[in-house]
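Structures are listed in the sections that come next.
Each of the next two complexes has chain A plus one other chain: chain B in the first, chain C in the second.
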Partner chain A sequence: MTASATPASRRRTRSTAWYPYVLIGPAAALVVIFLVYPVASVFYYSLQRYNVTMPFYNGFVGLGNFIEIAQDAKFWRSLGFTLQWVVVEVGLQFVFGLILALLINRAFRGRGIVRALVFSPWAVAGILTTTIWLLIYNPTTGFGHYLADLGLVPYGTSLLSGSGTAFWAAVLAELWKGAPFFAILILADLQSISLELYESADVDGAGRLRKFVSITWPHIRSAVVIATLLRAVWEFNNVDLLYTLTGGGPAGSTTTLPLYVAQTAITDRDFGYGSALTIVAFVILIVFTVVYLRANRFGRENA
Partner chain B sequence: MTLDTTVIAPTASRSHAAPRRRRISRDRVIDQLLLRLPLGVALLFTLVPFYWMLLFAFRPAGSTALIPWPITLDNFAKVWNTSGFGIYFLNSVYVAVTSLVVSTIIALLGGYALARFEFRGKGAFLLVMLCTQFIPGAMMLIPLFQIFNGLGLTNSLWSLIVSDTVFHLPLSLVLMSGFIRNVPVELEEAAWVDGCSRIRAFRLVVLPLLRPGIVAVGSFAFISAWNNFLFAVMFISRQDQFTIPVGLSYLLGEFGTDFGALAAGGVIAVVPVVLVFAYVQRFLVQGLSAGAVKG
Partner chain C sequence: MMRETPHPRTRTRRRAARLAVIPAIGLTALLVAGCATGPSDDGVVTLELWDTDTRPERTANLEKLIDMFEKENPGIKVDYLGLPTDSYMQKIGTAVATGSTPDLVTPKASDISALVAQGALAPLDDRFSAGGWQDQIDASLVQTTRDAAPDGKLYITPATALADVMFYRADWLRDAGLPEPTSWDDFDSEVAALTDASTGRFGYTIRGGNGFWPQFMEMVFTRAGIATLFDENGKSTLDDPRVVEAAQKYVDLYKTTTAESDLTADFKVMQAQFAAGSAGFLSHSIGSYPTLLQSMTPDQIGVTVPFPAEDGTQVLGLLTTGFAMFQSSKHPEEAWKFLEFTMSQEGDSFWAQASGYIPGNIAVADEQWVQDSPALAAAIAAGANEKAVPMNVPYYLPEYSSITGTDMLPDWQLVLQGELSVQDFLTKYATAMNEAQQRYEDATK
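Our next item is the complex of A and B:
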């Protein structure tokens, strides 16, 4: 097993040197045409005034779009909300996902079924999450109606139309869909911990918490770092749920930066300004990633 | 241990066992409570929303019962025939299955290169792959729309197949190369010694061992293509080319108050995904254990 860790370079001969390029070719071609080129064009448009509805003003504006962004109150507001959304969502999803993974990692009857059931929201589409939670949240036939029957809340309570409650309503729906992601990733890592470690800890009389702190956590830490990073980026960019559940409302209170981008680009047809906003989002994510990985001393062994 | 119990219960052989069993059983009760209670809460939180959708889908119009009885299929008939979900369903299947096949083939080729070769540009390629994960999908809409327009693919399901495949490709590649790396290279080498070509050795030795990996990568591609909403709603405007998520989004607006139809549409959308997921979720954990995450 150890020997197979570095097989490739040893095997390479002159006659096969072109193999990897042929093999990687289709993937590289698709990525260049449909990802790299579009990204490059986004950079290009970010320096242009390019509004489909006002073509006569179009042209090169240099950093004009970015200067405009710095003074755009809607931008700052959406950025603030994005940070709030990502921190709350990733934090909650991580805590629930970790607990879920620790539970399912134990041996009990019916484990396979339980695992499949609690993981299932992960596979559900964002638009379907909206559908399901709209059925729950709607004031006429949803949970609220039944709670009102019991006299717990007034009739017609709508979580999605209050600017304070809309946020938490969206958080709950996304938590339902997102927690399994953490559970899956962490569980995968938990299952690679050797049981002998726990057995020898038992012999030493270690308690539940002690075992978690000394054995489990150090083992899953790097997976947790990667999982939280991936999820943070994903939740940052996530448009489907908020777009369909709250539409960014009420009154723009749940508009994330990507949602603002989508509105600028698609509703207002302002491709130049939308592109500049994307570049800003992109840079924020890259900086965040580098800082986050550094802070967690990640990838040192690879460097 | 034996010594302890004899000290505690020295008298008769019957009471000898009793206190020990009681102490262990109290530990066991606490232990089981710590497992079952939160597990029950998690199951409830997961399943009640699903149940709520099924309830609305199968319940007759106007009913407020919490059990869908008598069961009716009216809502399904309505969305399948009147709202066009029959057509959307076929479109979604076409997009998701094609995306699955294309993704798997490309990931097998590229994943093999990443797993088995060192080559110039590999680091750069992986870096580009990583960077693609930071691109907000929303912003790709404009340039992608222009590209598909140029290729004459707007309002074509192929625009969805291509964009779904490409967006999912980095994950497919990394996952697949992890699976391939897990097949010992010695097996291949033995086949080469026996006179197999690289391709033949791959087909006869590696491919059979890769089945879990292929199932996993293919299923992820299927699920992500099936679920894609943003591209589908932006690239497709002709109703006969709608996919299920687009149909669902129109139901959200169109039938503002017909929650039965909406729920039935949701059930149609979720069934294929849940079936695929139920089958693949074992490989999911297994595949990630295989080192794909730690890469």
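Our next item is the complex of A and C:
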């Protein structure tokens, strides 16, 4: 029956070809509904003027929103501040996270508890973090009041109410929360370093710095690269801390781009302009991610 | 030929069909769960009420009001949900956009314009006149509420109102041997006299943060004697020389008689400072009086309306707050019954007294508790002054809340810090207001 064997097998392949599509159907449907559709609608609204409280003014404007963004001083200021925020935050979080990881990598009594404590700020919800720090910075109930009682600062002042100091107050709060993330990721890689490497380096007479550069750093490099990328994107998109701690800061001095989007779209209900701002942020992040990963030769084996 | 076992093709197809059933059931279950409806079984209608100013004592009062209503209307139940005070408009906006609005809400007159633009609220005029309410409610409150809407219709119950007042520490003034203030000169000198920065006591607490604009109007336009934001030619009064002069005096209070941290103070912070004994004067509305009484005694608190201007004009700040029903409510008759209850003598008397509001029901205004409350007495006495003019605020303008809320705030903080002059600030926003007014007129011609 050789004549009919080939058609039968071909038919069998055709009739079961739809089988895998049915299986991935529900997942694909969820992705389309919760990812593709919202993103597509943001692109759609970025080409419109759309303010729900001024319906008489809505309509298609093409690239008008983007032209307005290019001339918007508030946008450029928020972009500049966002870059400053990301660089300072990620840099400090990396440094403190690394220090923490190196410290708790050694074996000592109670290390398990200390590790849990080190990681706990990361586990605290964003709003609780800001509530804690708002109380700390509060001029009546926080550190400011006690320092004023000691005569170190005048009464009724707060770090949050100075244009320059509000930035560092927010940096400190976010650093407290973000450093453990680096610490844990780096620690995981540190644990995989064999002690024999350090011992043989001691035998060869290597100093501390040399040991760090040649043994420790190559092991943790890929964890650091991915952690830095993730934290950079997350800090860029960070809204909850700044929204609740400073609300964009005294005189707009701590307004990041996502916060500006939140004020425009959600508070002022200007969804058209807010969508255009979001598209700009999206493009910036995509370009940054690609360039960053390329530059670190991520994914390829260590050269 | 009879097959003992099915052909492999059929077996595969059957297996695939059986496996495909599982995700199909899953998706159907998701869809069904998403379309959950609330049937009104056994004849009880359930209304949903959203409160826009959730605070513990207000929630307790509102639930008591609901209990009173449910006792008289056994076939209607009202479910209460509290929205946070500083973000309720966002939640309502989202609900309107997704068609998931409740039946009832508690807006202020300043919220009407945005909600009406989204087609959210149901106009109440027909029901109001059909129920004969225009004879029972103070006509000026009804008119103020109508003026706040872009089309002049009635969208919220005009039965309660807030008035701008100043609270002060009467006990501090007595200890310092100072008289109760009756003029702006008294205010200026007493605020300076009460300030003692070395002990953390300040004469005033200024609203530098969120929501600064109502207090700005309260303290500046009253001192300037100007009761409108647009003059008779339709031009903004923000850069009127009298307003600029009064604004400069207001800005000068910062850091000289207030804490430096007031730069970012919102109403909660201001109220807390006054109640905790860090500030001698507080500008806010009569609605704060019940809250202040929780941590202070009546003899500690003095109340006065902002003083008249030099030419004797007494500008009054009035803001009606009330209840409204949504256009998309499935139970409009029952929702209206609740609104009627809040305007009735029984409901209005309880709600206005518990919240510290001015009652709109004429019969309630004669009740004893109204005369006994110092805050209400001050507000009502000021209203009786023949040179009293209510402040006319352009709530109908769609951009009003985004200009005075989001746009002005960072520049206001620059002004307080001394990096932007009062004149430049007011000129910039007079222009913005004029442009917004022009855009509105062009669009609604």
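We adopt the following convention: the second predicted complex is superposed on the first by the 270 of 303 C-alpha atoms of A that agree within 3 Å, B and C clash if a C-alpha of one lies under 4 Å from a C-alpha of the other, contacts with A are read in each partner's own complex, and residues count from 1 in each chain.
Operating definition for what follows: a contact is a pair of C-beta atoms (placed from the backbone, for glycine too) under 8 Å apart; a residue touches a chain by one contact, two chains touch by 3 or more.
Nothing here was measured: the structure is a model prediction, and the numbers come from that model.
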Chain B versus chain C as contact partner of A:P55, first or second or both or neither: second
Touched chain A residues, chain B compared with chain C: B
Touched partner set for A:T140, first chain B, second chain C, both or neither: both
Touched partner set for A:S200, first chain B, second chain C, both or neither: neither
First (chain B), second (chain C), both or neither touched by A:Y19: both
Which of chain B and chain C A:I266 touches, first, second, both or neither: both
First (chain B), second (chain C), both or neither touched by A:A148: second
Residues on chain A lying within both footprints (that of chain B and that of chain C): 11-12, 16, 19, 23, 25-26, 140, 145, 266
Chain A - residues contacting chain C, complex: 11-12, 15-16, 19, 22-23, 25-26, 29, 51-57, 139-140, 144-145, 148, 154-158, 160-163, 246-248, 250-252, 255, 263, 266-270
Touching residues (chain side chain A, partner chain B) in the complex: 1, 3-4, 7-9, 11-12, 16-17, 19-21, 23-28, 30-31, 33-39, 41-42, 45, 96, 99-100, 103-104, 106, 108, 112, 114-128, 130-136, 138, 140-141, 143, 145-146, 176, 184-185, 187-189, 191-192, 222-223, 226-227, 230, 233, 236-237, 239-240, 244, 257-259, 261-262, 265-266, 271, 274-275, 277-278, 281-282, 285-286, 289
Chain A partner contacts - residues on chain B that touch it in the complex: 35, 38-39, 42-43, 45-47, 49-50, 52-53, 56, 64, 66, 105-107, 109-110, 112-119, 122, 125, 128-129, 131-144, 146-147, 162-163, 165-167, 169-170, 173, 184-186, 189, 198, 223, 226-230, 234, 245, 248-249, 251-252, 257, 259, 262-263, 265-266, 269-270, 273-274, 276-278, 281-282, 284-289, 293-294
Complex interface listing, chain C residues touching chain A: 8-9, 12-13, 16, 19-20, 23, 26-27, 89-90, 93, 96-97, 113-114, 117-118, 197-200, 202, 208-210, 258-264, 272-273, 276, 278, 398-399, 402, 405-406, 410-411, 413-414, 417, 419, 439, 443-444
